[in-house]
Amino acid sequence: MAELVSLREAVTELVKDGDTVAMEGFSHLIPHSAGHEVIRQERRHLTLVRLTPDLIFDQLIGMGVADKLVFSWGGNPGVGSLHRFRDAIENGWPTPLQIEEHSHAGLTNRFVAGASGLPFAILRAYAGTGLPERVTHIKSVKCPFTGETLAAVPAINPDVAIVHAQQADLRGNVHMWGITGVQKEAVLASSRSIVTVEEIVERIELRPGGVVLPAWSVTAVAHVPGGARPSYASGYYKRDNDFYSSWDTISRSREDFREWMEKNVLEVATP
Amino acid sequence: MSASGRSSAETLGYSSTEMMSIAAARELADGQVCFVGIGAPSTAANLARRTHAPGLVLIYESGCIGAKPTALPLSIGDGELADTADAVVTVPEIFNYWLQSGRIDVGFLGAAQIDRFANLNTTVIGPYEHPSVRLPGAGGAPEIAASCKEVVIMIKQSRRTFVDPLDFRTSIGFGDGPGSRERLGLRGRGPRMVITDLGILRPDPETCELTLTDLHPGVSVEAAREATGWELAVGPAPKVTPAPTDSELAHLRRLVSLRPEGNSK
Amino acid sequence: MAELVSLREAVTELVKDGDTVAMEGFSHLIPHSAGHEVIRQERRHLTLVRLTPDLIFDQLIGMGVADKLVFSWGGNPGVGSLHRFRDAIENGWPTPLQIEEHSHAGLTNRFVAGASGLPFAILRAYAGTGLPERVTHIKSVKCPFTGETLAAVPAINPDVAIVHAQQADLRGNVHMWGITGVQKEAVLASSRSIVTVEEIVERIELRPGGVVLPAWSVTAVAHVPGGARPSYASGYYKRDNDFYSSWDTISRSREDFREWMEKNVLEVATP
Amino acid sequence: MSASGRSSAETLGYSSTEMMSIAAARELADGQVCFVGIGAPSTAANLARRTHAPGLVLIYESGCIGAKPTALPLSIGDGELADTADAVVTVPEIFNYWLQSGRIDVGFLGAAQIDRFANLNTTVIGPYEHPSVRLPGAGGAPEIAASCKEVVIMIKQSRRTFVDPLDFRTSIGFGDGPGSRERLGLRGRGPRMVITDLGILRPDPETCELTLTDLHPGVSVEAAREATGWELAVGPAPKVTPAPTDSELAHLRRLVSLRPEGNSK
């Protein structure tokens, strides 16, 4: 049953050095505040997982939190490169970053298999691309009925999933709507989960497009209004596109990046 | 004509990027279902929807089916896409039920590099282990390229982008040539055309090699050859792309000028 | 793009003798009117597919429409047996009925594979049961990563799917809510589809729990108010539990069954 | 005591079916997550939710998670289940994400036949190809039996229902005995107990064979033996089930008397 705790407590209790941590969010509801708390608590040697690593992953990587990244598209959407992500891969700064990359379809189906209690998933993917050569986590299977060969990817079962949602009720049921990406799969595939929410409500009034994570499928819920900023939370606030643009400048040099992180993350009190 | 082989906006009244967007938009038919990559393809697809193809169905990999954005989205998952969609589904569903199943008419892609068989690279420039530029990676592209009934590619043409071999093959066009897609069991027909800022290339029906079939106004075959990192195949008599109409240009400029929600300026 | 047609036209055009026809609905939104039209048009040699064949399948089978049934649970929910279904299997009346039976999980995943354009699906199922001996459509595959053995079922791709929904808009977009079972998968797995709806609305206002089938994914939409009766349509009418009980009596003898069908289906004008 | 070995309602003030429901309800702990079959299991689970286990989470295979029906549902997909649920998901999701993944505490099943290793038959009576009675079939049961952390079974005890061998094995209990579940790679622990109208049977920790451990008030070991189609294993000193309390009986009778919506009478 989901416990209602502070974000600080949730990260202290549930995220350990060396863990595999999925932080999901497909443009929408990206768990920025939780990422900042992981940075403040100086976690190390994490394997970070996300289909679309963007600014918060750039920050986590630039602060040396991660040894490895499992992903399928890493960039600053609509702006360009992630400079800290590139610096880690191209120059090993601040530490070398091992990468395992997939297509969205492949990594998505790793989550689906993980959520489904299956050891692998099959899909039509990767054929004719250079990815299987580079990723040991792509194999193939033959259809026992037609003889066709299909791609196979192993389930991913992170130690912790961290997602952001609009609401939780007093019992810990979680409610999100709008673009919900693979958040449900990430939570269900993981051993533990932290959900930060915009609002605690007495009772969930299900919205159109609403997705519910029952309280008993979530480990901890933390009330963190604005926890997705500068990303957006449908029904609460819009995407801060200007910040996404300005990140391109902030993150370009190691010094400016560190300075920004000091001022805006490390010296900020945990919500 | 500038040194790059592109006519300047001053001369023609429009830029080569605008010509590329408009030429691409014209290739989308009304009522088609189009899986749209962010950036240039999204601009062209939304232009088509506002001009000759109001019934064009736009699908974004974030799960938005039938999105009808007013302003161009900055990300593939902007709120505007969800708010205007006929349906918003999960990411597993969009890839498994809608894309992989082969029910999408057109996949609309960009890339950092392309080769003569229209294979695409969005992964790295330089060697994989020690890239000089680490690009974003695959995203939805490999399966869009594999599973849509056909693919349209938009890419600015230069010796940096038109290369052979690719530094990395992220998404397949025609692989190593005729028969490659069939041998791999791909069900989509592959690239129908590549639209650049210089002209249009189409796969040769026999060899699958990209062949220059159209030139945008003011662009020479020579300029296209110059901007290609291999010996460019040129069709018998490249057609000249009709120049953008006033209405096309007006629609495109209006579209591009609209700031997506969440932008302060 | 979905065409708005009459139910008669839809069945005439889209359901052919010998077709494999999935009619889905999990207790809710069962396409009774469409089933009646298939009976009135005297289709023969159909392979009928449904997880939970109940009254309408009892009627289709009793009227000799089907050569084969693919299913996972056949009964009158809360009441007991389906007498026509039993008579066909136990005594071959009115014609012998070949059966292929699965568990819900297995047949569901046949639809999922069909909707996903995959030749098969893997699942944890059937182990230690008598089903694989009886059903040639159950095989196994080995996980290429862990070596574990899992069940495999082939995709099902019916010729036609028939479902009932609450609403369609003027463009043919379909909207259903409440328990939606495997209706989306059945429609997406099939070559053609017929959706009967309670109401044609100007514009769909998405409800909580609402599922949309875009117009271009559906072949034909027919406006058939009450098309799910005696099953229910959430937001429109309740389940007629009394009729489910009375069906036990009506269907017990071949004669009473025929008489009821004459009066209540064959002699009724197509909606 | 009647000829059937069941105490009559007249003697005891409650029926053997009521005793079975109440004994079963007691076995569900507050806060557990329970995958519920329709009929007897649904009655017992809803009784538990109204008495000692208000936080019991009921899952129905139609996709209803956390259903809190007022009246007993007639079908597994009644509107009442959806309207009162914490979440309604699709049937693929309920089986793949929620059941198969092994996150359900208790699977609660009925059956037409059971054997000494608690394997269940809901498929046919008689030979498969020419059954004397064609039963509904598997439904969700095989995977509920395989994947829930543990299973509780409710079945009326008689020589027609307690048989060895089964006419068909629809769902697995302990298979052919010790080690069967492990060899098949099943992840749930299997049946914890079988609750009948005569008493309670539990698998022997060594042999996995169902062993009579509890008798309902007024039922003799002899009566239980009589109602079993094999030589029944009996534990050292079967306990007597506590008789239904007034409150349990009142709750059960109220629950059963409430007509589900859609019933006219």
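Letters A, B, C and D mark the chains in the order given here, with residues in each chain numbered from 1 onward.
Assume a residue touches a chain if its C-beta (ideal position, glycine included) is under 8 Å from a C-beta of that chain, and two chains touch if they have at least 3 such contacts.
Worth saying up front: this structure is predicted, and the values here are computed from it rather than measured.
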{"item": "B-C compared against C-D, more contacting pairs", "value": "C-D"}
{"item": "Centroid distance [mean C-alpha coordinates] between subunit C and subunit A, Å", "value": "39"}
{"item": "Computed distance of Cα centres, subunit B from subunit A, in Å", "value": "28"}
{"item": "Multi-chain contact sites of subunit D, meaning residues that touch two or more partners", "value": "96, 100, 147, 187"}
{"item": "For subunit C, residues that touch 2 or more chains besides their own", "value": "117-118, 123-124, 148, 184-185, 209"}
{"item": "Contacting chain pairs - touch in the sense defined above", "value": "A-B, A-C, A-D, B-C, C-D"}
{"item": "Subunit C partner contacts - residues on subunit B that touch it in the complex", "value": "31, 33, 57, 65-66, 86-87, 96-97, 100-103, 147, 187"}
{"item": "Parts of subunit B lying in touch with subunit A, wherever the complex brings them together", "value": "38-39, 61-64, 73-79, 81-83, 88, 90-92, 95-96, 99-100, 119, 123, 128, 130-143, 146-147, 168-172, 175, 180-181, 184-187, 259-265"}
{"item": "Contact footprint of subunit D on subunit A as seen in their complex", "value": "1, 115-118, 173, 184-185, 188, 204, 212-217"}
{"item": "Sites on subunit A touched by subunit B in the complex", "value": "26-28, 51-52, 71-75, 77-79, 81, 85-86, 89-90, 101-105, 108-109, 111-112, 123-131, 134, 148-149, 178-182, 184-185, 209, 211, 232, 234, 238-242, 244"}
{"item": "Contacting residues of subunit C [partner subunit A, same complex]", "value": "117-124, 137, 139-146, 148, 150, 152, 154, 205-210"}
